[in-house]
Structure formats: C-alpha cells, structure tokens
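One structure below.
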Amino acid sequence: MKFPRIYKLEEIAKMLQVEYVGQPEFPVKGMNEIHVVEDGDIVFVDHPKYYSKALDSAATIVLINKRVDCPEGKALLISDDPFRDFNALTTYFRPFQSASKSIMDTATIGKGTIIQPNVFVGNQVTIGENCLIHSNVAINNNCVIGNNVIIHSGTVLGGDAFYYSKRNGKWDKFLSGGRVIIEDDVEIGAGCTIDRGVTGDTTIREGSKLDNQIQVGHDTVIGKKCLIASQCGIAGCTVIEDEVTLWGQVGVISGITIGKGAVVHAQSGVSKSLPGGKTYFGSPAEEARKKMKELAAIKNMAENVKN
Amino acid sequence: MKFPRIYKLEEIAKMLQVEYVGQPEFPVKGMNEIHVVEDGDIVFVDHPKYYSKALDSAATIVLINKRVDCPEGKALLISDDPFRDFNALTTYFRPFQSASKSIMDTATIGKGTIIQPNVFVGNQVTIGENCLIHSNVAINNNCVIGNNVIIHSGTVLGGDAFYYSKRNGKWDKFLSGGRVIIEDDVEIGAGCTIDRGVTGDTTIREGSKLDNQIQVGHDTVIGKKCLIASQCGIAGCTVIEDEVTLWGQVGVISGITIGKGAVVHAQSGVSKSLPGGKTYFGSPAEEARKKMKELAAIKNMAENVKN
Amino acid sequence: MKFPRIYKLEEIAKMLQVEYVGQPEFPVKGMNEIHVVEDGDIVFVDHPKYYSKALDSAATIVLINKRVDCPEGKALLISDDPFRDFNALTTYFRPFQSASKSIMDTATIGKGTIIQPNVFVGNQVTIGENCLIHSNVAINNNCVIGNNVIIHSGTVLGGDAFYYSKRNGKWDKFLSGGRVIIEDDVEIGAGCTIDRGVTGDTTIREGSKLDNQIQVGHDTVIGKKCLIASQCGIAGCTVIEDEVTLWGQVGVISGITIGKGAVVHAQSGVSKSLPGGKTYFGSPAEEARKKMKELAAIKNMAENVKN
C-alpha cells in the first residue's frame, strides 16, 4: 500500500508515538508485508528470529521492537508492539468506512456498465466500462474493476484476509488495508469470494475466467487467461501464472507459484510450487503421469491380496 | 431452446446475413447444442473434425463454416463464423434484459408463495404456489420454479454456463440462453449456485433435496428424490438419475450419468458414468468395497515397511 | 428447545390431540432430539428399534407410536405419527415468521454495531455491541450474536437443517426450530452457511475465526479459539473442541468429536472422532505421521514397478 503522499520518518513516528533511528526527513512512501515490500516501505517485525529478514528486505523502514543496529540507507521505528502499530497505520491510511446505501457516491462506475438490483458497491470502488454486475454481488471498499468484466450473483469482492496472530492466548486480527484488482475481460461466477490484500493487492489479470464458488485468498495473483473451475480454493500470497487451468475443487496452499500453462486435475491439492506446462493430479498433487502409475500400482497390489 | 414460433430458413439466414442451402421455407423451430438437439433445431459446427457428427445429428439445420453436401431432409446455414452467429441467435431469441428493481413485473409468482427481503426475481421468472424463497436469493431471468419449493438464503439460480472457446488467443464466451427448472417439492440449501443451460435447461426434478453450497453446472439434470449433501460440485451436462445420494464435497465431472439409487461417499470424485444401485468411494470414485480393499492393502504395506 | 413456560402434559396432549400416559400435571419444559435431550424434554420415537433408547434417555416425556410400559418418573404421548406431531410442536413453539423488511423491528441490535447495506436481520434476532455485519449477509430468525463479532458479506446464519425422513416414498422434512449462537469475538468470513439447530443450538464459541465459504451443519458446536480455513464443511451434530485448526477444504462427518488442539491438514476427510493434540491428514483422515508413511510406501512401490 502506497500512502497518498511521501511522509517524513518523524511524521510517522509522531503519529505512532514511537521513537525512531534515522534522519527525521527520511522518506516513507508506503507500508507492506515482508513478502511484497519495496523501497520506501515500512515493514514490521516483532520476533528476533525474523529481525535479519526484515532488516535485509527491500523495505527501507523497519518497525521493530528492539533498538538494533540500523542498516545503511535505512531507518527504524522502535515500538513496544510493532503488530499493534502496523495495524494503527492501516487504520490511519485505509480506515474502514461504513456505507449508508447500496451504491456509494464515492464509487466511480464507467459508461455502459449495468449494476443489477441488490448489489453493494462500497466506498472508493472503481468499476470500468461495459461491465455487468449481477444481482446480490458485494463489492467492498477500494476494489478496482476494469472494463468488460462480468460478475455473477452472490459473489463477494474485498472481504478481509484470513490472517491472525496468536497474542496473549487469543487470535488478534491483522487488519486488511489492501485492495482487489480485477482486470479487463475477466468473468467471475456466482458465489465466489475474493479477499482483499493485507497491504498489497489481490489481482485477477486480463481475460481470466472463474467459475462459481471459488475462493481466492489475500494478495494472491491469478495471471492472464486462466480457467478456474468451480469450488477451487486458492489460499493467500500465491501466484497462478498465465494460462493455468485448475479443474473443479482443486485446493492450492499459500505462498507458492503454479507455472504458466500448468493444468491441475479436479480435487487435487497443490502443496508446493509446480513448474508450468505440465499436468498434475492428486492430493498432494504430483505430475499426473506419475500419480496414475501409483494408482495403477495400488490397484494391482489390492487385487493380488489374498482374500 | 425452442423459438417463440416456427421460423423459415430464409428468415434466419437474413437475420444472420448468411447464405443457406435448402428450401427457403424450411422450418426452424429452435436451436441447441449438439448433445441435446432435436428435430427442427439449429446446431453449429466450426471444425471439420466435428462436421459429420453435426450433420448426422438429430438437428435438421446445421450452421457451418463450409459449403458441404447437405444431407437429405436437412438444411445448411453457411457462416464464416458459426460460433459468433450461434451467439447472435441466442442474443436475438433470449437477450439479456437488465432489471430496474428487485422483483420484476414480468415475473409470475404463485398464490401462497413467500418472498423474503433482498431477493432478486428477474424477468420472465415463474414461481409456483406455496414456495418459500428466503432472503438474499437471486433468481435470474427465465428461471422456472414449481410448487412447494424452498430456497434458502444466498442461493443463485440461473448464472451463466462456464463455457468458453479459445479463439484468437483468448477465451470467447459461449452465451447462455437456457433456463433453470426447479420442479415441485424441491428444497435447495443456502449458498448454492445452479447455472442455466446453454441452450437447454438445467433441471432439478421433483422431491430432490439439496444441502448448502452445492454447485450444479449448465444443462445438468438431477433426478427425482435425490439427496445431495453440502459442498458437492456437479459439472455441466451430467445426469444424476432418481434417488441418488451424494454425500458431502463430492465432485462429479461433466457429461456422465450416475445411475438410479447410487450412493457416493463424501469427498469422492466421480470421473466416469456409474451404474445405479451401488455404493462408490474415492477420487477417482470406484465401488466402495473395492476401494476399501485398496486402503487396507496400503495400510498393510506401510506397516510392513522397515523403519 | 425450551418452551416459554412449563406446560402440563395434558396441555401438550390436547394441543396435539393425542392420548397420554402419566399425571395430567406432569411438567413439560421443552423438546429435543435424542442426542441433546434433558430432563423435562419431549423426545420422539417411531420405530421399535429405537424405543428403548428413547425411553431410557434423559427425556422425561416420550412421544411414541405404541402404548408401551411407561418408565418410572416419566410420561408418554401416544401418537399415530410421532414425526408429524414433533414437527407440529416445532411449528407451535417456533413458527416460521416471514419478514416485511430487511431489518425487522423485533431484532435487538447493540450499541456501536454497524449493519452494512442489503443485510437481512430476521425476527427475534439479537446482535450484541460493536459488531460489524458486512453487506448482503442474511441473519435468519432467532439467531443470537455476541459482542465484537465480524461477519463478512454473503454469509447466511440460520438456514434450516438438512434433515429428512423417508416416509411413503418421499423425503419429509424434519422442521428446524433451533437457533444459531455466535459468541463474542468470533469472525466469520464471506459466503459461509451456518445452519440452525433442529431443536438445539448450533454454536460457535468465543474467539473462533472462520474463513470464507465454510459450511457448519445443524446442532454442531465449534469450541473457543478455533481456526477454520476456507471451504471446510462440517456436518451436523459434531463437536469441534477448543483451539482446533482445520485447514482448507476439510470435510467432517456428523456426530463425531475432534479433540482440543487437534490440527487437520487441508482436504482431509474426518470420518471418526479424533483425539486432541495431534495432527491428522488424509481421506479418511489418520494421524499425519502414519499417512505420510503410507504415501512414501506407495511412491516407493510405484517406482519399483517394471515399466
């Protein structure tokens, strides 16, 4: 998430009421989670185990709970609770705004776009031209939809990430300030749920087609011209490259990449990154050819068991 | 899909601006996909590989991209793009009509039927008597619902088929002009999605009961008095015969038949037609007895592996 | 389900127009299904196979279709159709009440709670303080929600149980008169469906977090501080104890218990009760360690098969 302008380190420190290490004027452009940080971003870390990962990341400002040595060309924000303060930044820069009616005035809706009855379009939503948003769809705050997009009834864009941290014996929520981006010519079936990014964006690229009841987790990217069949579940922070086909009820865990043009058979469970251009099957998923050989071997073995 | 009246071949040819082979007065009664065509129907074909299948089908009018020999008693419509022109016919005979309010005036709702708040009832929808349509349901254009039907909150009837053709490197949508037919005494749980047929109907027959979050694809038929448990996904063009039981999270691929009275255990994946009257399990699904034997053989083998 | 006051046996008998065995003044406090009955409850039984189970249960009033010996300290209601009459009691004490608008006046909504557009809040619903109910949620009659609860778009609370009895060749519906109880600090994702209890309550205890598209069946209890990932399906009458983690697309059958702190890997199918504190995998689910050994043995066997 980029901030609306470049802030000075001392401004952010004052906002959070924390001390800092670095030049007061040090530029702060945004905030992000460790896996998507860029130059100018704040990242947070609250466990010594991850200190060096955060300090060595592309982020140039580290919100941390110990006064460590500050790497060259970077800055520190010293907090007794980086998790709480990172959430505070999200609340400051992307506060949840409730809605007083079904289509908010702060939404921008392009020419030729049809919005059917009982649709919710939240604050600062952008919808392009010639889209068709079917009845009972919910498009939550800050979602961005391109041109020629079709979204079927009951689908929800921009729910919060399923992301908690166990603190003091309970699950504390990591607030979601990211967005959902649906590019041109995408079609999304009925009853899908596409979560917003935590600090980044959940993105479905141009020309991809999703069937009904598909789950897409926070910060996940689905490439161009993919086909995703009904009831697939794709966890957060995953990359599905272009022209991938997932058949029905496939599950994909978080943080992995499925390579360009891969095909995954129905009900498979993808538990690790898969190279593109191949066909996969099984739970856990493996190359289909190999999996089929296993199934044949099992069948053969069972037939040879004495009864 | 039957047309509202019988058309003459020359009328259709003029509408599509294409040439034709056959008598100008040759009767055209409707249009259908190859797997559901009947006498009087237009079918389309655009690949030489499938020419003879289309020409030999029950359809009496073939929308085709080559001037081939016309079979006896049939007619041809010669198009440079049969896919585009078939879609043009769907748009002509079953155009998408947007809705100006939640319950359209063109809908017919029977005596004693209760429609709860936030329900969408689209154009030309028919709902019978003594139904209960719970809140936040979406019943899209042209759906037909019988008597004594209960539909729970959040369910969507009549989303489009998930049906595309790769043309010029992108996924072109095959338009859906078919309907959803829900017969008497059916109950459908919350959060289900039942797609409309492409040219035919998606049908759920009398007395069947569906649990929550079930997906039913286009042109599929679910027989009488079936029980389908939560989160099952049934692809398009499939036939589930009468009195079939599918337990939770079962997946069924397209184009197959599950025979009368079959029982499929939870999480199974049905990848081929299954004879009725038996019990199945596994992904891919096999007779449960056989599958259980395989599981026992695997367990036995693993226990005998040296550690 | 407790009745609004203590009834006399003869009052109930008169209401149902059935005969009774016992003191006319015998106290009747409520009604429940066999698995949740308490002292003062009516239970029903209509098959000789289950007579002794019903007569020996904690229920003190048995609605039965034969004049059997009445156990000491209990009473009988003699009906020619106990199923029909049990449904009649549900209809009497918890009738379905239709709604005239999206937020019913009989609902109680606490201070600081935000209800977004297109939400349905049914009759006699209670929502606590500082909750956030996102757009297009359906909260059906009699649901009870605590404080600081977040419910995401499209979720449905209080659909009916998926519960039928085959009578005269068709599926007769067992009416649902129970409730959904969501305790404090629970978060429920988008597109979930949580069914009401049949006579008891479906309960999600304090601090549990549910992701999107989760199904929770009737009368199921989810303990405190559980994490349930997307697309899990939990059948009815099941107990998930505190601090259980279910990863994505797990299925859990009805009537079992998953013990405290258990972790179940993605896509597993839980078909029997599982002791707490351990990690499970597979369909059917077993201890993950054991299952991994099986997978390794299969792989090894397949590699040794001659090609």
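Letters A, B and C mark the chains in the order given here, with residues in each chain numbered from 1 onward.
Going forward, a contact is a pair of C-beta atoms (placed from the backbone, for glycine too) under 8 Å apart; a residue touches a chain by one contact, two chains touch by 3 or more.
The structure displayed is predicted, hence computed values, not measured ones.
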Chain contact topology (line, ring, star, complete or other): complete
Size of the rotation, in steps of 5 degrees, that lays the CA trace of subunit A over subunit C: 120
Chain centre separation in whole Å, for subunit B relative to subunit A (CA means): 32
Numbers and ranges of subunit B residues touching at least 2 other chains: 118, 136, 154, 191, 213, 231, 249, 267, 283, 298, 301
List of subunit A residues in touch with subunit B within their complex: 114, 116-118, 132, 134-136, 150, 152-154, 185, 187, 189-191, 207, 209, 211-213, 225, 227, 229-231, 248-249, 266-267, 283, 295, 298-299, 301-302, 305
Subunit C - residues contacting subunit B, complex: 96, 98-102, 118-120, 122, 136-138, 140, 154-156, 159-160, 162, 164, 169-171, 173, 191-193, 195, 213, 215, 217, 231, 233, 235, 249, 251, 253, 267, 269, 271, 283-284, 290, 293-294, 296-298, 300-301
